[in-house]
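There are two complexes below, and they share chain A, which is joined by chain B in the first and by chain C in the second.
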Partner chain A sequence: MDKKLGVYICGGCSIGDSLDLDKVSEVATKEYKVEICKTHPFLCGKEGAQLIAKDIEDGVNTVVIAACSPRAQQEIFSYDSGVVLERVNLREHVVWSHTPQDENTQMLAEDYLRMGLAKAQKVFPAEPYQEAIDKTILVVGGGISGMTSAVEAAKAGYEVCLVEKSPSLGGWMSKLYKQYPKHPPYQQLEDTGIEAKIKEVEGNPRIKVFTGAEIEKTSGAPGMFDVLVKQNGNQTSLRIGSIIQATGFRPYEANNLDHLGFGKYPDVITNFQMEELAQQGKIKRPSDGKEVESVAFIQCAGQRDENHLPYCSSFCCLTSLKQALYVTEKNTDASVYILYKDIRTPAQYEDFYKRVQEEQAVFFTKGEVEGISEGGGCLTVEVEDTLLGEKIGINADLVVLAVGIVPNSMPEEAKKATAEAESSGEKCEEAAERAADSGFYASPALQLKYRQGPELPTLKYGFPDSHFICFPYETRRTGIYSTGCVRQPEDSATCIDDATGAALKAIQCVEQSSKGMAVHPRTWDQTYPDLFMQRCTQCKRCTEECPFGMYDEDEKFNPLPNPTRCRRCAICMGSCPERIISFKDYSVDIISSMLKAVEVPEEDEEKPRVIAFLCENDAYPALDVAGINRLTYNPYVRVIPVRCLGSINIVWIADALSKGIDGIIMIGCNYGDDYQCHFIKGSELANYRMEKVQETLQRLVLESERIEVWQLSISEYDKLPKIFDDFLETIERVGPNPYKDF
Partner chain B sequence: MGNVESINSPNSILVVGGGISGITAAVEAAEVGYEVILLEKSPYLGGRVARMNQYFPKLCAPYCGLEINFRRIKTNPRIKVFTLAEIENISGKEGDYDVTVKLTPRMVNDNCTACGKCVEVCPVERLNDLNYGMDKTKAIYAPNPLSFPTNYVIDTEVCTGAECSKCVSVCPYEAIDLSMTTESVHMKVGSVVMATGWKPYDATKLDNLGYGKYPNVITNVMMERMAATDGPTQGKIVRPSDGKEVKSIAFVQCAGSRDVNHLPYCSAVCCLGSLKQVTYIQEKNPDAKVFLFYIDIRATGYLEDFYRKVQGYENLSLIKGKVAKIKEDPQTKDLTVEAEDVAQGKKVSEPVEMVVLATGLVPSIADIKIAADITYDDYGFIASQPPGIYAAGCSKRPADVSNSVMDATGAALKAIQSVVAGGQNG
Partner chain C sequence: MTLATPDKETMDILLELGGEKLKICYQCGTCTGVCPWNLVRDFNVRKIVHQAQLGLVDFEDEDNWTCATCGACVKRCPRGGETIDVMKAIRKVVSEMGAGKVPDSLRISIKNIASLGNPQGEAPEKRADWAQGRDVKTFTPQTEWLYFPCCISAYDAKVKRMALATADILGKLGMDFGILGEKEKCCGESVRKAGGEETFQSLANTNIQTFTESGVKKVLVSSPHCYHTFKNEYPELGAEFEVVHTTQLWAQLLEEKKLNFSREVKKKVVYHDPCYLGRHNDIYDEPRRVLEAIPGVELIEFEDSKQNAICCGGGGGRIWMDTPKGERLCDWRLEQAIELGADVLAVACPYCMLNFDDSVLTLGKEDTIEIKDVSELVLEAI
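Entry: the complex of A and B
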């Protein structure tokens, strides 16, 4: 493609009043020899927009618009995919935040145009990745979540394969006697309805069910997964578009709760065992078959306890309320005691709580269970009643432990580490967290043949949740979505909503992939990484550092990219020491060219230059807001937006310093436990890499203070001016870059 | 923005409500490949979350996720957004709905560049509803620097109109048009997602708690604005009566919720909301004593981690007990919170400088009259709907952001199924 550039400079919104636009234009016409360079007082108006449209008709294929922030007027300045667009932010980042008609403001504007031109010359239109995309959805797990995902995807017209490990569908729901009310007025126990759901699945011609089956191997990528299913000793090969993991939970191991008498006394059972008892008619205690007259429920049997399950399992309060009614409905003379920390019946479930509270034979005691003993033909639960401030003993024929749930995705190693921690006196929670990505699984679900391990990466406690509040379905393996209790503890009503959403995400992934487009968050992006393999040194950094496991590896450690797994964060591009990874619109060379386009004044002019790499989703908009609020800051800073701090290649640091740039500041999103980086690891990796760079600087007798890395939220726009000004003060203190005049 | 004439498609999905649930339903459906119309009543998208300072449990900024969603909207030609748009009528059936939408005039057209010159000359002020009336804006204003759409808007209730016209003369871009009038537009769509969200319970109904009478009794939603850098106090937590930095504060949980005289249900988010606001105090007023009165702390799932973290804050006293009354010293405007401390088995009376009422969620849809086969529960939440119309988020039950997003994603699929079936689904 021959580049034909058009440069359009807007004079509106004070840009024309603050800058000498003739001089700005000369950057394009004289320095960059651009033939078409036009200035307009209101570029986003009809006339301005037509001016650009006309030139595109006449052959301009690369448009540089020097006006407001690229975040503004996006609908107006949007062109066919064959036209390259580069926006130069003269409004928010220049005239709204710097002194008008000032030499330094003028220099800033001119530099931004140079940088925009340097970039525009090297950006080319995307050529979408085109492969045959299969749109079949694979659902792993045939409980309520998996069956819901399967039915909902099929109803939207997609073919579904459903793989269930056990011989029949239904999961835990099929083991329940009744379910607590899910509909207004939330008073009556309901049938689980699971039989109807199983029939719906089995009767749907679009759903192929494999029961008694497991996944033996999953290779490939979204739109082109090859899945090997093992069933009755036979293997079936499936071509799959995207995957929903709905492999559910197992009850917490009650044998760990010996302080509550489980395993010691036969009449101490779990809430799951209570369902079996209720199915058999009258509730009789296991020891001697006597019909129970008193039942004590112990809530949080392991949950909310750092030595067992630190989290809350969400539905055990409601389950015990329901089981209390099993007892009172089957034996009107029986009494029930519910021993709890907090009763958690969110939203309209409060109505059901109220209904059970109205039962005369159900007693609620807020307290800590201290122990349990047997004698006189019944069990006695010792409770420290926190409301009355006294110890009480509750006699019961049967004690039900409301145990919590453990996701089936729990890495095995976490368990091992937890046990080790217990013996060494360390906090189990910390050990579990440390070992979360260990790569060993007690119940493998997917058996991925990925370079980065066989299952979805999990958070602490073993849930493969997204850890994003706004985007709960994001996982670190593109095209694989977790849903239901494997993702977070949730009740069956929530599982149904959740599984429907997961089905949409799975469908969306195959549709986006078929257009060569990325999935969340860069859903408009049709580029993908291109590797210049002749220069690859097999250093494995890209294959190790991609947060989404995009690369596989051959036996010689060459990276094998899977474009439909790619989320276009460019963290691999940042990691590559040979600089062989590029996108059509984002590459090491493109940003290097922008850096080199900055004019660096001679040392005696005393005008330092600083490059600021800003995360384009958070820090960059925050700087826009600083401009909108007319906050001012040092005009020696030159901003370059990056997709993620993790995409910063350290060669840019070298390029900038050798060019005479005095300092480099990088501002990205929070990392650590509550990471906000939308590419999971990007800002953390950047910080780690820059620590290494600072060591290198010291060896080159350059001050490590010349590089700073910050974490900033989009709402902290008020902090940016001070961050910049303080950094410039630091630079002034350490003095000019000694390489400046070379 | 939307082009009204082009909407006549049984294959399109109408999303009512532009909060986090509506935005999610719209974007998720459009990224599968469907045409979506997104209606929002206020002049900006984001709804309640756009007015939150931070989300629990990560204490991150709502605009971070909104920025991603806005970019998804701006780059997706399949989504048409109408703000200041309210639904007037829906008729028809799955695959074939006729919808009438009322568009309130913005008085500012798409020429607006958000340069702000109009604000400088506008002589009229109004209470800032985005900040729950705690400060003022001009009659022409931008809701928030990060809001979308970015166009300014005129509050026609206070604008003196053509006789003033100062903004019209100063605008270099002919963006202000005071002759705009209310329009009624018709659309044909295949299915509908109701994501009409919630509003805070009217705290003045809680007589014993003094809201509306005592200036230093505020609500949880007001606290969010107070803690926000772009809020009425620039992020400082101060007493409304005298602007003094707060040294002691009480949170009153279930202010209306779980109360048969007010909202019998649990509002599901207020426990975590208050625990989060305790962290605001911890960060901004680290010496302040904090008292939190509760019935049960409902931190479900791994939100328990956040509860545990906040429990570790040494200036926080958690008191299990329902607050009976709040009194004010008319001189100092200091407050006394009276409650039954059930753990101690005695009445407590705690003097504090400010009180935050954790008021509950009320479904906004309860106010809207829609002639469609939707049934509501006793509280006004959507209980069931005909095929073709799907409730999402807080229109059907109180829920936090993450669960609302999940639910809205599911609703998007249901809406797609209705379009695929072309009315043959139900």
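Entry: the complex of A and C
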């Protein structure tokens, strides 16, 4: 493709008043010899837009718009996929945040145009990856979540395969006597309705149900998964577009709760066992079959306890409230005692809590259970009551432990962490502790044939890693969505919402994949990594570091990309020491060219230059917001947006420093336990890699202070000016880059 | 060690005696947090409510009598709990079922009320003595207004200035009013809050009967406590008369231009909201409108005013009980008024006046601040 550039400089929003636009134009016309360079006072107006459209009609295929932030006016400045568009941010990053009519502001604007032009010259239109995409959705798990996902996807017109391990559908819901109210006014217990849901699934011609079945193997990628299902000794091969993992939970092992008398006294049972008792008519205690007259519920039996489950299981308070009504409805003379740490009944369930409180025979008290003993024909629960300031004893025929849930994804062993720890001679537990993700892969469900591991990576409590702040359904395997209690502890109403959401995500995946577009979060992106394999050294950095397991590997350790698994974060591009991984609009070379386009003043001019690599997801928009709020900062910073901090290739640091740039600052998203990195690991990886850059600096005899890595969330825009100004102070203290005048 | 175990029977009794809303408390502790007593002493409202929920009430505990029923907790309870009803139920168990001991001074006051119709133990025939020397007639069926002074404003040597000011204003305006004198009995509001339900019922029935027989249609009261029970509790027992608090009447007459001020009262005045006028009956604006209309008055506000006003400590039967020095809310409130630089602490309730008069005396603040009923200030300005 022959490049035909058109440069359009906007004078609106005070750009024209603050800058000498003629001189800015000269960058394009004189330095870069661009033939078409137009200035317009109001580029996003009808006339301005037509000006550009006309030139495109006349053959311009690369449009450089120097105006507002690329995040603004996207609808007006959008063109056919054959046209390359580059936006130069003169508004938020230049005139709104720097002194107008100032030499340094002018230099900043001119540099940004140079950088934009350098990039535009090397960007080519995306050629989407398009293969035959199958849109069938596989749901693994036939409980309320799995069945809901299946029904919702089928209703939207998609073929669904539902695989359930046990001989019948229904999951835990089918074991309940009743469910707590799910509808206004939240007063009466309801039937679970699970039978109707099972019928709905079984009666839907789009849903193919495999019960008593397990997945033996899953290979391939979104839109083209090959799944082998084993059922009654037979194997069925399925072509699948995307997968919903709804493999549910198991109750916490009550045998670990001997301090609460479980296993010691037959009349101490779990909330799950209480459902079975309630289904048998009158509630009779297991020891002697006496109809119970008093029941004590112990909340948080193991939950929110560092020695058992550190988290809240979310449904157990409501379950005990419900079971309290089982007791009082079946025996009007019975008393119920609910012993809790905190009653947690979110949202409208508060009304149900209130309704049970009003039940005359139900007593509530906050306290810590100290112990449980037997005597006088009943059990006595000793409660250190934090509100009365004295201990109280509760006599009960039956004690129900409100146990919580463990996701079925809970890994059985620390595969990844163990391997890493063994090779480094470290203790396994420490390795698991250190990793932000647990370092564990989920227990068998999908049997993935991925180079990185056989199941979804999990977080520290065994739930599949998902971007719980921004994108909760997304696991770290594109096209595989976890939902229901395997994703997080939730009650059936939340499961139903959750499973509907997961179905939508699964649909989004197959639709995006069929258009050759990234599924998430760069949903517009049609580029994908292109590997120049002749130079690959099989170092395995890309296959190891991709947070999404995009690369498989052949027997010679060559990376084998699966583009539909790719999120287009370019972390692999950042990892590659041979710099062989590129995207059509984002490559090591493109960014290097931008770096080289920056004019570095001579040392005696005392105008230092700093490159700021800003994450496009948070830091870059945050700097826009700083501009919108007219926050000012020094004009020596040159911003380069990056897809993710993890995509920064170390060679850029070397390129910048050898050109005479005085310092480099990188601002990405928060990482660690509460990570906000859109690509989960990118920001963390960048930080880790930059530690290694110290060596490079030493080799160049440069100070380590010249490089800083920051974490920033979008709401912290007001911190940016200080970060930049402080960094410039540091640079001034360290002095100019000695390579400047080479 | 034997452990206390929840007592369903006790809880059922408390529920039956009026603590229906007892169950919905979820122990957030807001009540304790907003209870004014905690400005001067510890008083754990939540604990008492929770003890009641579990039937573990210590009926001998003196704190069963501490609540002044000011309603601050009721206003703030996120669950719509009726703390006062719970306190009332506990007191009923003590006083009517003999589960514990009623504090002596309270017991005597209630006994006096039951036998003589007033807590002070004064002779009923002396009830109209406050009006001696004034042209105050006895109510007849033709009289428009019945003025019903509280027992305190009728008998207390100092607080009767409240009744006198009211009568004088009515007289100056030429309004048609009368009193029932010895036929009047204590309204019973505080008796009821103190657990004396039977006594209350008897007082209310007697008063209703007297009023009906006398042909009373409109009652003017000086006490928010009388106002509260006449307006909100008597109708359930068959009362059919209109009840107006003095501050309401003055505000209305001002608006109708029937009350006009001709003299200046150059005073910095802070108004203390009585709990039973404010929080219990949402009357906040009328007294302020009256005070603001008085020429020369500079009306200032407490930091905690209107819904957040701090109780004087006199409600719920507390007016008949001793509060140790250092734990008196009225002292605390008076200091607050003095800090604001007020010349006058304006009140609209005989209990408040009795308490604050006492505070002025015991704290030796006679030269610093005056306690005046809103009516007194009105009278000065006419």
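The rule is short, and it goes like this: the second predicted complex is superposed on the first by the 708 of 742 C-alpha atoms of A that agree within 3 Å, B and C clash if a C-alpha of one lies under 4 Å from a C-alpha of the other, contacts with A are read in each partner's own complex, and residues count from 1 in each chain.
Operating definition for what follows: a residue touches a chain if its C-beta (ideal position, glycine included) is under 8 Å from a C-beta of that chain, and two chains touch if they have at least 3 such contacts.
These numbers come from a predicted model, not from an experiment.
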Problem - Superposed partners chain B and chain C on chain A - clash or fit - result: clash
Exercise for the section: Classify the contacts of A:135 with the two partner chains as first (chain B alone), second (chain C alone), both, or neither. Expected result: neither
Exercise for the section: Classify the contacts of A:387 with the two partner chains as first (chain B alone), second (chain C alone), both, or neither. Expected result: both
Exercise for the section: Give one of first, second, both or neither to describe whether A:335 is in contact with chain B, with chain C, with both, or with none. Expected result: second
Exercise for the section: Based on the superposed arrangement, let me know which partner A:357 touches: chain B (first), chain C (second), both, or neither? Expected result: second
Practice task
Determine, under the contact definition given at the top, whether A:395 touches first (chain B), second (chain C), both, or neither.
Solution key: second
Exercise for the section: Could you say whether A:451 touches chain B, chain C, both of them, or neither, answering first, second, both or neither? Expected result: neither
Handout entry: Contacts of A:93 with chain B and chain C, given as first, second, both or neither
Key = neither
Handout entry: Partner touching more residues of chain A, whether chain B or chain C
Key = B
Practice task
State whether A:643 touches chain B only (first), chain C only (second), both chains, or neither.
Solution key: neither
Exercise for the section: Mind working out whether A:73 is in touch with chain B, chain C, both or neither, as first, second, both or neither? Expected result: first
Practice task
Identify which of the listed stretches of chain C (4-12, 40-48 or 58-66) has C-alpha atoms clashing with chain B after the superposition.
Solution key: 40-48
Practice task
Touching chain B in one complex and chain C in the other: list those residues of chain A.
Solution key: 343, 354, 366, 387-389
Problem - Of chain B, residues touching chain A in the complex - result: 1, 20, 28-29, 31-33, 53, 55, 57-69, 71-72, 74-76, 111, 113-116, 145-146, 150, 172-173, 228-230, 258, 264-268, 296-305, 308, 320, 342-345, 377-379, 381, 383, 397-399, 401-403, 405-414, 416-417, 420-421, 425
Practice task
Can you check the complex and tell me which residues of chain A touch chain C?
Solution key: 335, 337, 343, 353-354, 357-361, 363-366, 380, 382, 387-395
Fill in the blank from the handout: Per the touch rule above, chain A residues touching chain B in the complex are 12-14, 41-42, 44-45, 68, 71-75, 152, 155-157, 183-185, 303-304, 310-314, 342-351, 354, 366, 386-389, 461, 463, 467-473, 488-490, 494, 497-505, 507-508, 511-512, 521, 523-524, 617-618, 621, 624-625, 628-629, 669-670, 674, 676, 678, 713-718
Fill in the blank from the handout: Counting only contacts in the complex, chain C reaches chain A at residues 2-6, 8, 11-12, 15, 23-24, 26-27, 46-47, 50-51, 53-54, 56, 79
